[in-house]
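When the chains are written out, they are named A, B and C in that same order, and each has its own residue count from 1.
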Amino acid sequence: MVLFVVGVILIFIFTVMIIYTVRHYCFLWNRLFGKQRRDFQDLPGKYQPGISILVPMHNEEKVAANILSRLVEMDYLRERYEAIVINDHSTDRTGQIADGYASKYDFIKVVHRTEGKNRGKASALKVGTVFASHEIILVFDADYQPSKNCVQRLTAPFCDVAVGLVMGRVVPLNAPDSFLTRMLDLERSGGYQVDQQARYNLNFLPQYGGTVGGIRKNILKAIGGWDVTKFAEDTDVTYRVFLNGWKVTYVNIAECYEEVVHNWKERRGQLRRWAIGHNQCLFAYFWKTLTSPILKFAQKIDALLLLYVYVIPVLMVIGWLLGIYVYFFGAYWWWILFAALMFTLAYNNVGNFAVFCEVGTSVVLDRRGRVVWLLPFNLFNFFANMWVCAGAFFVTLFEGFKGVAKEEYILEWEKTKRVSGINALGAETIERKEAPRPQIIKEKAVEESKIVEKEVVEESQTIEEKVTEEPKFAALDSALAEAYRLMRERNYGDAVEVFKFAVQVAEDATATAMLEVELGKIYFILGEKKNAIQEFSEASKICADCGNEDLKREIEDMLNKLIPLSGKES
Amino acid sequence: MINYLFLVLLFMGLVFLCFLPALIEYLRPKDDKPLAINLSMELDERYFAHSFRGILEPAFSGVEKDLVLKDEQKPGWLQKFPVLKTHLMMHRDKEEIWLAEGDIKVPAGSKFDRILIVNGNFSTEENCSFEKELFVKGDSFIGQNNVLQCISATGKLKLEENVLVRGWIDADEDVYISKGCKIKSRAASGKIIWIAKESQLSRLAGEEFVVGGDGMVKTKSKVKEIVLPIIRWTKEMDAIIKENFKSKNLFEIKELFKEKFNEDIPEMLFFRRARVLNFIEPLVKMNEKQKPGFLKDNKVWMQGGESVLVKGNVTISEGENVPYNIIIKGKLTSQADVVFQGGLHATKDVFLGDRNHVVGSVVSDDKVVLGMDTVIENCVDAEKDIFIRKGVTIGSEKRGGGLAAGGKIYLQEGVSGRYKVYAENGIQPVESIDEILSK
Amino acid sequence: MGTIRLHRSMWKMMASKFHFFLGIILSILIGILVVFYAIPYWWLQARVIEKLLNFAQVPHKLFTLAKPINLIEGIPLYYHPSGPTFQIPVYYQSVSPFAALVICPLLLIAAILIYRMSFIPLPVKVVFIILAFLTGVSFLYVAFISPIPPHPLYRVIIDWQFSGVIILVLIGVIFALTVFPLPGSFLAKSFWLVLTLIFSMIWNTVRISLVAATFYYFGSLPFLLMHYLMGVYIDFIYIVMFYSLSVSYLARRRTSEAGWE
């Protein structure tokens, strides 16, 4: 009898795994062969409703300036655009940095929360929404770096009255940092490029991730606003919007950099929070989803499967334990079933949220290459995810209900540790082959930025000075990044201009000489030997006292090659 | 036992082999950079032209010119003009570029296979062929039956009949596309794009576009935007709404307000006010008393965000007023003179009658047919074809514009709109929409 | 004119339905081959295993039970002896209850200590906990229930069902579903499929030999551990590896883009 019951449970778990495997494969198939929805991206820029961008911050002094600079540069009608920074109980200089920007730019407002028990992102958003004066609310986390046209892309779908919620694509900026960040980069890639897009194509439910996305203010009010008792306010809002008949749109082209967690401790905290929050939503919306009068059958099934995503690890653990029981006490037939279950689990759940084939397909779609070699390491990610999510499920059962029952549940900020000074423009910098020379320039820029940071701490320096100090180094860094990018795209004309600018901005003789050498090389590629010789000669003069022997030798070699050639031509 | 250990090592070796590529990539990463996002990219509808000009401009400024061409090196029509030649690396090839000074006229039947920049006006007679791109710093008139690759003009651009453009066209001033022209790619302008019948394009981008008749007369009408007034709601007004919201529909409430306060308040504002006062919870079914006539046979839910959700096909009779955003899980058909005070979305076809006015946008997951002289203040988007009858105006200064279809867009004479038109299967001005529909 | 690049979200996938169907046909062919040639394949594998077992000095008897048949003539779920069959001498290792009661808490303490060490990455901790748990359960079972594994005798007879032929079919199906639709040359995809199959055969041969040798040298306890750890589950490690290599090859070879206008 016991074996029979165990067998039935195993069959149930096996069936659930098969359903998820089929679901993921349907997404993959859709992404490969299905019609890709156009998401209103033929119309952005021509519908510019008023937008309020909420940026909740808690101890974000390292990254605050980045996001605020990006919001300043945003390509949107200024009179229809405001940014609201919610400084939520920060103990560092976040508030001062935000105030500095607010004093310079009218459209930036800062809300300082220093009292009250409620903390956390949901609470901050709730307060920020009160101050939002426009019809569309967009949310960006403090460590995010959206592109100039990101906001236009995100608002385009709101021209459709049926659209309630929009989500863009998130790209890890600090992917190279550690093993974990590289694995998360793969996971995000598969999750957004394949999973989210396919769900949108199939008219299912792409999930709003709490950032790089937006909602209509009147809809937010209609559904009751941000729920501060849920750990995953994003999933909560997603389901409330969807169950009330509005569409959730995924905009693949609206890309934004983020910083992912880079150690396992933070990963555990983050995953635990997501799992608890998601499971809270499961308990809150399971029945409503099942009985919704407006969703189609397929939409209901997918929405339910999405709700159960963080329960899968629990089923896996139960399946393993029962399988062990069956192995020791069972008949051979059940062992076969268990083995099949394990196999399906493995294929369905390497990486847990993006199946291995979705990751592989996203790599092909993004035209990347070797990064997919890391896929076997996702096995370790899988173990960690399984452990944390299984634990979180039981936490939700026993503690999560507290949050649902109590109106004012104190949720704290669970933070990803910020890496200082990552500016997204630096991400596009340096080819490894050319690393030695540009790296010197970059190191110098990094050193000097450290000096700037030190000066920032000193009270004698005003905020305005700090704000003006940063662009110089950012300018050189960004100029280099832009120049190398243009060269990769073989846009040599523009690259010349950018290098010329970089020469002006460089302060060091070695750096200037190196930039002159790069200019010389471009002219050489363009066939303008005279200009090339001029640049190399210039570099040679500058480098005479710089002490960099390698560079001097290189310049000499180039000049020796070029001068005889130009002599022949004339 | 030792041999057993060798066996273990052999198996561990195979396991290690499985992780070897991952280890190699981890320890000596070649693909660890974050996915490149162009953070400074701006949306530019005239991207091709701007990018093209940006590449060509330096060709003749600040860079030493290779050669001044002698007469024998030039075709006849360039003999009278000074022509400079240079080269530019583009992609993998070295392209030859000619710069000609003066107002150039190309005789009939000429062929040219280099990139040409004209510092002056440029015109061609019939049957000319240009293999490469043209950049005209002035006005440009392309004769009948010409074949072009791409052209960008800083002045006006006019294509005579039956011109074939394999790429895109662009001008800072007005663009005129005559009958029978085929543009494989985009037509962009800083001002107005005029399109004649029987021409074919895939996308347009400009301040405005007009489908002209024979003569390209500016017949477009001005959009009269519907602006909802700002009402100072009093406690008494709120009380009346509270009392009557569940037992009367919005038109009846409007009549009540006219009677009591002598105020003609659009119905949409009552709906909004009810939402602000929390009388509308998300997804509440509208009772029979609240339903307007055209929704009597449908299941209707009030969504609370100034929208109603309707299941089933909807037919709206002449002269009706739709006082909210309406989302229909079915087909929408409206007769003449219907006003939609919000936007609309239908999962099936949308047929709007003549002289309809939509304050928001029209979105359909199927096809859209717009009746004569209809005004859409925002954009129109359809997953399949869009059929637009005479005199329709799309877009307004306040609300935006644009027209996008996953299928084809058929435009009748007199249609005008703002900003962009995109159709996956092409844009086609036609004589009669009914003829196309009947097919 | 130089290429004007569209944003990556607008690039067309250029996926190949035709290659997908060819992949399905290939996987069906592999299935047919497996059905008809499983036993001859097992013969070949058995010879290699025999050599490895001899090398590892594991005494065994190699039987040929009944005549070699193809899989259609047997119901897969029930034991159907055919082809060469290895019999390994049973060495039932008993563990005293006292030893089990000492070892299990030690394993628990070790697991807790490792879990508390912050410098150890979380996945490593989890793997250790799982292994410790499985080891503990095995010890307890052997100590308190029986030193003999709970399976009928044929589970200590290595026969064709150990050979991993089924996984060959699954590899074909997995590649057909996930690799063949991707853009790229059919030959390249087939090459990677064949390479995976060959590796699978080598892997399974060595695995079977190792499991059998472990059973002989260390008895039922480690056998319990290894058998259900190194069963079907672990095959995915090399399948994912070959999948990643094939995808990276195809991704780099991809040259076509959605055309710019």
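Going forward, a residue touches a chain if its C-beta (ideal position, glycine included) is under 8 Å from a C-beta of that chain, and two chains touch if they have at least 3 such contacts.
Since the structure is predicted, the reported quantities are computational estimates derived from the model, not experimental observations.
Asker: Have a look at A-B versus A-C and report the one with more C-beta pairs in contact.
Answerer: When the contacts at A-C and A-B are counted, A-B has more.
Asker: Nearest chain to the global Cα centroid?
Answerer: Of the chains present, the most centrally placed is A.
Asker: So how far apart, in whole Å, are subunit B and subunit C when each is placed at the average of its C-alpha atoms?
Answerer: Centres of subunit B and subunit C (C-alpha means) sit 54 Å apart.
Asker: Take the average of all CA coordinates in subunit A, do the same for subunit C, and state the distance between these two points in whole angstrom.
Answerer: That pair's centroid distance is 35 Å.
Asker: Taking each chain's centre as its mean C-alpha position, how far apart are subunit A and subunit B in Å?
Answerer: Taking the average C-alpha coordinate of subunit A and of subunit B, the gap between them is 29 Å.
Asker: Can you list the residues of subunit B that touch 2 or more other chains?
Answerer: Only 18-19, 21-22, 55, 90-91 qualify.
Asker: List, in ascending order, every residue of subunit C touching at least 2 other chains.
Answerer: 2, 237, 241, 244-245
Asker: Residues of subunit A that contact two or more other chains, please.
Answerer: Those would be 179, 366, 368-371, 373-376, 490-491.
Asker: In their shared complex, at which residues does subunit B touch subunit C?
Answerer: Those residues of subunit B that touch subunit C are 1, 3-4, 6-8, 10-11, 14-15, 17-19, 21-22, 47-48, 51-52, 55, 90-91, 95, 115, 132-133, 149-150, 167-168, 184-186, 202.
Asker: Considering the complex alone, what residue numbers of subunit A touch subunit B?
Answerer: Subunit A residues touching subunit B: 38, 40, 42-48, 70, 73, 75, 145-149, 152-153, 159-162, 164, 171-176, 179, 182, 185, 189, 216, 218-219, 221-224, 240, 243-246, 255-257, 293-294, 366, 368-371, 373-377, 424-425, 427-428, 432, 482, 485, 490-494, 496-497, 525-528, 530-531.
Asker: Contact residues on subunit A for subunit C in the complex?
Answerer: 25, 28-29, 31-33, 169, 179, 252-253, 264-265, 267-268, 323-324, 327-330, 332-333, 335-336, 339-340, 342-343, 346-347, 350, 356-357, 360-361, 363-376, 378-381, 383-384, 386-388, 489-491
Asker: For a test of understanding, state which residues of subunit C touch subunit A in their complex under the given definition.
Answerer: Those in contact with subunit A are residues 2, 5, 7-11, 13, 15, 17, 77, 79, 118, 121-124, 126-127, 129-130, 134, 137, 141, 145, 150-152, 155, 170, 174, 177-179, 181-183, 224, 228, 231-233, 235-237, 240-241, 243-245, 247-248, 250-252, 254.
Asker: Can you check the complex and tell me which residues of subunit C touch subunit B?
Answerer: 1-4, 52, 55-58, 202-203, 206-207, 209-210, 213-214, 217, 237-238, 241, 244-245, 261
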